[in-house]
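Going in written order, the chains are labelled A, B and C, and every chain counts its residues from 1.
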Amino acid sequence: MNYHLNNLPERAVKPREKGFTMCMDKGLSLREVEDLIETSGEYIDIVKLGWATSFVYPKLEEKLRIYKEAGIPVYFGGTLFEAFVIRNQFDDYRKVLDRFGLEHAEVSDGSIEMNHDVKCEYIAKLSEQVTVLSEVGSKDAEKIIPPYKWIELMRKELDAGAWKVIGEAREGGNVGLFRSSGEVRSGLVEEILTEIPSEKIIWEAPQKAQQVWFIKLIGPNVNLGNIAPNEMIPLETIRLGLRGDTFHHFLNKERESIF
Amino acid sequence: MNYHLNNLPERAVKPREKGFTMCMDKGLSLREVEDLIETSGEYIDIVKLGWATSFVYPKLEEKLRIYKEAGIPVYFGGTLFEAFVIRNQFDDYRKVLDRFGLEHAEVSDGSIEMNHDVKCEYIAKLSEQVTVLSEVGSKDAEKIIPPYKWIELMRKELDAGAWKVIGEAREGGNVGLFRSSGEVRSGLVEEILTEIPSEKIIWEAPQKAQQVWFIKLIGPNVNLGNIAPNEMIPLETIRLGLRGDTFHHFLNKERESIF
Amino acid sequence: MNYHLNNLPERAVKPREKGFTMCMDKGLSLREVEDLIETSGEYIDIVKLGWATSFVYPKLEEKLRIYKEAGIPVYFGGTLFEAFVIRNQFDDYRKVLDRFGLEHAEVSDGSIEMNHDVKCEYIAKLSEQVTVLSEVGSKDAEKIIPPYKWIELMRKELDAGAWKVIGEAREGGNVGLFRSSGEVRSGLVEEILTEIPSEKIIWEAPQKAQQVWFIKLIGPNVNLGNIAPNEMIPLETIRLGLRGDTFHHFLNKERESIF
């Protein structure tokens, strides 16, 4: 850090299992990737190339190489997995992962109806090849999954071989974990945490108010995902209690008595 | 494309009259223009330098040269045309277009009151010099134009020499074609399409929900405008049914029976 | 400017006391800073490194050098001052300012409770070392300060040595001067202006509608702050009456009779 401040919360450093941040790249140019690494490389644990943007992005191999040289793993969004599966091209998907040298993949069912045992089989199969992140929650705002069901789904997917499970929010932060207004379904999150270890979950939290909510509930080292590239530096200050929103949250209360 | 997916909708390629995308540059740096061309050059058919940003932008000639070398035509936003006209400087405007070597221009009346015959005369006059895009719809949220009137205005402007007509939405997507909430005035759009060929219209649709709506109604090769530079890659995935929003829209229904 | 338009409002040029724009950098890369200077250097009077982003930003000295070479002063957001003060590290803060060669600093109490005499002492002390901007208004949406109190606070802070006072709005534009909806508290602003000279105030106005409101009320040369980098070019057109929102505002009414 550039100067010293006392009384900051302890922040995990890379490589870390907790305090993990997944950054969403939905079409950055190669120079923008270089810039992202320059400004936020220390704070990014993994990058998702959002949904199927990797299909239309023209310099995919160069982009993957830049991230690789920076030691930042990359994976393709779960919607791409679903796009292959619904076309009965799962084997092609496995070859694509190999061809591009990917070491992580996401299994999700946000846009398709899939029997949960089938989903777990995909997780098991893919985890022989790569590290699997699996996503729970629908992209459909109408589908409300009750808390006990979220817990059951997460547990089975971890048992099937998922490294971490992701709580769905989309890029907009308005489905799954969130109400259509963007507000967190807080009872849902608290109930999940009674049963699933926090470090096994990545919470998609694209909006600042959502990031603040998770950091206040779980602490500076909560795992967060779907963070926009230009919100990486701001997020790091929120984790450290150095933005208005969490300013008082990590302070020793006695310190505040000086005024 | 970077890998093969079956059962995708057919997507027009450049040069194209349908499936046309107009990207809005409201002050990109020269490097950002280079980056935009690198990531999205194949998907951009024309660039608008938003409203009068070309007046204050410091490296205009360099910017125009970069777009030109990439084969992407550029035009100045209609508000600039109006700013010249309201000052009685239309001849100056024609000279400006020549001085900067522009081959397209927009004629609009979004911010001024103009007799429609006068507008059509401007279209006719300018179309001797450049390819004209004309815009229908007011930037004033209070002015509701009924559907039959939109159709009449569009038809007359095409007859006067406009290459394509643009349905107004502003950068924010909250006027003209849209309600102040951003919601599409769908009856209006459907009625227009009964009379004016879809390929003659560019629908301004800066917000994702609006893009999705038009793509579902008209198909992957609808003409869309006012797309932000960093939404070009996402838009391309929406056109192809490779983002959650249009995921099922172009799929053969039989394919989905596999689960 | 790139061409000539008659009948534009007079716009102050650098160095200027009025028509001053403070741009908010919340983590731009070095190249993005260079690009910002290229496109908007003439329009930026000062840059704020938002809140405590300077703490976590990895190339702070290089960034400060680039701004310095462009003749653009930089200061650290007021939340950083508060973070040092609440930790009883005010002397460390003064050393940090010296170590990085800063010539401006912000004194604020948006996140902490501070006796106003104490705040004025900080202003007085810091103004021996640097040029001080002081900020009035809370980041807490619940704290409504009545107009007479805003005036009293501003006057005392200017008397204590502040160069200019800043009206608080946050990055989001939803507290202080604004209602939670982002709407301007217009009676408040008008009352302040009866007592405090407009050129001594920087109004934080991150949203376009807010910028438009201030420009219509105070004119093209109002001082505005918390402007996002990619809104600098758009803002300049709004100041000049060259965007729809202020298109008619600075026009000689007689000119408009031509249609």
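In this text, contacts are C-beta pairs under 8 Å (C-beta built on N, C-alpha and C of every residue); 3 or more make two chains touch, one makes a residue touch a chain.
Just so it is clear, the model here is predicted, and its values are computed rather than measured.
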item	value
Contact graph of the chains (line, ring, star, complete, other)	complete
Relative orientation of copies chain B and chain C, as a Cα rotation angle in degrees, nearest 5	120
Distance from chain C to chain A - Cα centre to Cα centre, in angstrom	34
Set of chain A residues in contact with two or more other chains	31
Of chain B, residues touching chain A in the complex	1-7, 31, 35-36, 38-43, 230, 232-234, 236-237, 240, 242-244, 247-248, 251, 255-256, 258-259
Contact set on chain C toward chain A in their complex	26-32, 50-60, 79-80, 82-84, 86-89, 92, 96, 99-100, 110-115, 118, 139, 170, 172
